[in-house]
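What follows is a pair of complexes built around subunit A, which joins subunit B in one and subunit C in the other.
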Partner chain A sequence: MQRLAKPGKTLLGSDSHTCANGCMGMLAIGAGGIDVAMAIAGEPYYVKMPQIMGVKLTGDLPDWVSAKDVILEMLRRHDVKGGVGKIIEYYGPGLKHLSAMDRHVIANMGAELGATATVFPSDKVVKQFLKQQGREDEWTELTPDQGATYDIHEEIDLSSLEPLIAKPSSPGNVVPVSELKGEPIYQSYIGSSANPGYRDFAIAADIVKGKTIAEGLSFDINPTSRQLLTQLVDNGHIASLLAAGARMHQAGCNGCIGMGQAPATGRNSLRTTPRNFPGRSGTKEDSVFLCSPETAAASALTGEITDPRTLDMKYPTVNEPKSDHTDGLLEAPPKPSGASVELEKGPNITSIPNFSPIENHFELPVLLKMGDNISTDEILAGGSRVLPFRSNIQKISTFTFEIIDEAYYERAMKARDDGGHMVVGGVNYGQGSSREHAALAPRYLGLKVVLVKDFARIHLQNLINFGILPLRFAHTSDYEKIDQGTVLSFENVHEAIQRSNRFDVKIKDSDETITVEHDLTDRHIDIVLAGGIINWMKNKSNLTS
Partner chain B sequence: MTGSQDMRCKACDGSGLLMDDEEWRYTCSICNGDGFVSKYEAAENDIVDTDITNRTLE
Partner chain C sequence: MKQNVAQKLIEQHLVSGTMEPGNEIGLSIDQTLTQDATGTMVMLELEAMGLDQAKTEVSAQYVDHNLIQEDFRNADDHLFLRSAARRFGIHYSRLVMVSVTRYICND
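Our next item is the complex of A and B:
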């Protein structure tokens, strides 16, 4: 937001909180790694047109209530799936009371609503922010049309809000802070993309200034950029925090994603972070509450969940300093042409091998027959044993399907030399985490076809992206005809998948056939026949170069 | 202590936590967070939703 966001532009990023940049009048969407790579290569990003939820903001935030309470109110009303398939657009007279960073706070946790994106207008407030960053010339005005209508209407009277808090273990589990008054806490955590601004840290510093935090409490401060940290130092806020007993950490995500500062099991942790799903903090049985910096700082003083309005002090006023720091980037920007740049790779960073396109006629043994709801954790778990090798396809593939069958890797490597293999599954195959390695690793081992009763949507896309043919049983009873070791014969596959979404496959050494179906679009078919999206992209580049 | 009926969960290596593609931690879905998988324990395949941005919904 500070250095790169521009009004009127689209932004695709591999972080789920990319959407925060909607605060600047951008269409900012989080997506998977391969989608982002394709966009960098100039390809469009495809998304089903969302509905637009218009949220009219009126009134003004009372003292001690801040932007975090606005998005917590949205979560209270709509919960974690309430934004799915929607873009949330904020408008109305209440907007003028929200700074650009306030809007960042609100747009950021649109991800927790499940929204595709969140959009704010690019108005004088955004212009002022860009001016403070020395980027005023990058501002353009972008506001809703007169009389714009929305698919869904919502309204929030900012004046009616009170300090809110999300209880463990969901961002949607929101109640007034006053309902939890007196609950003891062990940790208070300031920072993260959900409260990243100067105001968020400065207000916490002013609340604890001249006082001492509660005994036995860990008050953790995680600045969100070097630029911000420098401003906080220059304006005395770091000194206030340290004097009160805070622990300073370097700028970064840190404890928000479980990288350090993990709370003690079952002990309450108050955080200004965006998520409190079980285990996110790095502690299995954690008890994490999500709140505003005001609530977190007030509670740090008392050692228990505290409504900041009950503090015996005037609500601090924070003035944004002018930013004259342009050293946000430690390294120089990339050169205009990357052709001469030498990539230095460590031993655990290898190249993705070239995958051959799928053949037209082939026979494949079934190396695994699985049941329902096979998750990507069962295909390739993202644990500490495995993830260090995520850039080393040769190594990470050794862990594929080990949860289900430890011998799979050996069988797959043998079958790879003979043309590859297929697997069979039940309903909802590939559910859970979106990790692409759950398709890439088996593909490396020679997986060419996945035949199931039905697919989880994201894993289906990953299979296509890596050139694996995803098929469904037209008659689920045919699942019983196949066992591990069965060999299926595929004839004229190229023509078959283009001609129709249904064709027959023969069981080798028998008279039986199985009818299979696919849900591939024309684009998906092109990608699968090319051997995956990377090949498809390379072929396109050769045609146009 | 590991009993003969229980095995250290391979997925999470006994930690009870896995990570998604952004390194967000989550409770291991294989052992349900306790770090061990008992051979007498029936596998629970809870259905997990994902949203349009490829993220797990919980």
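Our next item is the complex of A and C:
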């Protein structure tokens, strides 16, 4: 069997909670799909060098307070943007009291702080975890040098913490559980990547063991993996949960990403999950609170938000299983190569079309003129109507810009064979979700240039990656000179964008020109001129083979 | 210079740029993970690039997001992901688990 997470390694994942693996002394970063594809193809990952925030942990957690309360304390202090542009590194004497899985809980929700990554050292605790997995030989020590410093300093005395809870509808909306005491709940939900460990389920099972949950309550158990589920069965915890009135669900992300277990209208749901953004649970006007398994289990017994310290019982001690099941759930690829393996594509999976490189001279009609703060949801909607076509570019492109202008798709398809088109927008163009389809779908429809007052960061990168030239008005007043239907003439574009970050574009059938600008790096220019990163990678492979 | 853990990890993987906050840096990537909601597009991108074989030390594809099979689409995606994982030399996790956790939990 292959062995995966290893101290000292880098990991890039197309899941925003990839950062959880920082608990193993790894640099683990969540990224867009194309970035991960490039990494699989052997290319580096480019990111702005973050500041390093050092969080010194001292003391030990009191009874009824666990790792979730540590990360909720970070969110209480720094909110959902406090980690942007930063790596959060935990160190100090308090670390020895946090297991690898406790550290996973904390590193996982570094995503909610907006951090680039969260890093823990690889110490004896990590060594013990790998030993439990039968992988002790893969442990290497990775600790900060004596006297190492940090760009930003923070400190948490673990012994001073109390049970915390994030109120609707932001993970940063954190208060002590005791402040919400007595608030009635409809659902208590255990599971997800934010509380995935054996102890997180076992402690909930021990809290409700021999008791019955409150009447009318939905107590939902979502095991992390089949492996974990097997261990919980072996040690009687599933029986304790079921006897108390719990509902068992299959292993997986499930309700955390809105796949089932949507709460009833207007009723409170307590969850051990990482996010409670509005509507994420699948219920539009939802009311989701984020808390520890201790708080969720205590509240399941009483039917109202309950500080677990007020339960009339001793804090249960969870004994971790001595060894982990290694039951062959990961399928290794064929050796030495799977080149002959046919890709199995159902009717809803289509290959990405070839896109040609951008020409040197071209004329483009403006098919859409938009205002400020256009989001990627407006460029290409999400939701259950559109998302099922994520692997079908031709089909998903029919939804492009439909929220703004339902006729756009037809106009774009007409202009496609005559050389394509461009769109114009205001400030903060492309804010919101990082979805790549918001660039890929209009590209398929012939979008070649986006000219706006300024761009949101991730969408700008996605436009570059799919070979769409992102330009800004050098003088924002020029925005007024362009209407839907205006045609712009681009001359000597290849030379122009390499020579300077500003050049002029003519408005056809008039004497007017407008000045456009960009801040593309040399690497970005190569990618755009190649027609996108896929072509750029293909060209590179051809050169080296 | 005395280094913290993050600086050590970055320095050991730095392929371009300098380690001053705000500068663009290039990092070599040892391992990747993809899950089923995002993985289909990644695999289609690898197909479009004409990739023969994953160049990472290890890559893993998980199936844990789109588990509801109310029609053929998610099930078809999972078969596609398995075939792509085999084609490109990527480990494939059978219908299970929350990807980030599986990653550290399992071998």
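Keep this in mind: the second predicted complex is superposed on the first by the 533 of 545 C-alpha atoms of A that agree within 3 Å, B and C clash if a C-alpha of one lies under 4 Å from a C-alpha of the other, contacts with A are read in each partner's own complex, and residues count from 1 in each chain.
The working rule: a contact is a pair of C-beta atoms (placed from the backbone, for glycine too) under 8 Å apart; a residue touches a chain by one contact, two chains touch by 3 or more.
Here the structure is a predicted model, which is why all the values come from computation and not from measurement.
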- Query: Touching A:Val119, do we find subunit B (first), subunit C (second), both, or neither?
  - Reply: second
- Message: Let me test your reading of the model: by the given contact rule, A:Gly33 touches which partner, first (subunit B), second (subunit C), both or neither?
- Response: both
- Just subunit B (first), just subunit C (second), both, or neither: which does A:Asp15 touch? both
- Could you look at A:Glu436 and tell me whether it touches subunit B, subunit C, both or neither (first, second, both, neither)? both
- Query: Looking at the overlay, what does A:Gln51 touch: subunit B (first), subunit C (second), both, or neither?
  - Reply: second
- Which holds for A:Gly258: it touches subunit B only (first), subunit C only (second), both, or neither? first
- Message: I want to verify the contact counts: of subunit B and subunit C, which reaches more residues of subunit A?
- Response: C
- Message: One more residue to check, A:Ala148. First (subunit B), second (subunit C), both or neither?
- Response: second
- Could you tell me which stretches of subunit A are touched by subunit B in one complex and by subunit C in the other? 14-15, 19, 33, 47-48, 50, 85, 257, 259, 436
- Query: Which residues of subunit B touch subunit A in their complex?
  - Reply: 10-13, 15-30, 33-34, 45-58
- Residues of subunit A touching subunit B in the complex: 14-16, 19, 29-33, 47-48, 50, 80-81, 84-85, 111, 114, 116, 170, 257-259, 275, 277-282, 284-285, 371-375, 377-378, 381-385, 387, 402-403, 428, 431-436, 456-458
- Message: Could you list, by residue number, the parts of subunit C that touch subunit A in their complex?
- Response: 2-10, 12-13, 15-35, 37-60, 64-68, 72-73, 76-77, 79-80, 82-94, 96-107
- Message: Looking at the complex, which residues from subunit A come into contact with subunit C?
- Response: 1-6, 8-15, 17-21, 23-27, 33-34, 36-37, 39-42, 44-52, 54, 85, 87, 89, 91, 100, 104, 108, 117, 119-121, 129, 133-135, 142-151, 192-193, 196, 224-228, 250-254, 257, 259-260, 324, 326, 329-334, 337-339, 341-349, 351-352, 354, 388, 390-391, 436-437, 521, 534, 537-538, 541
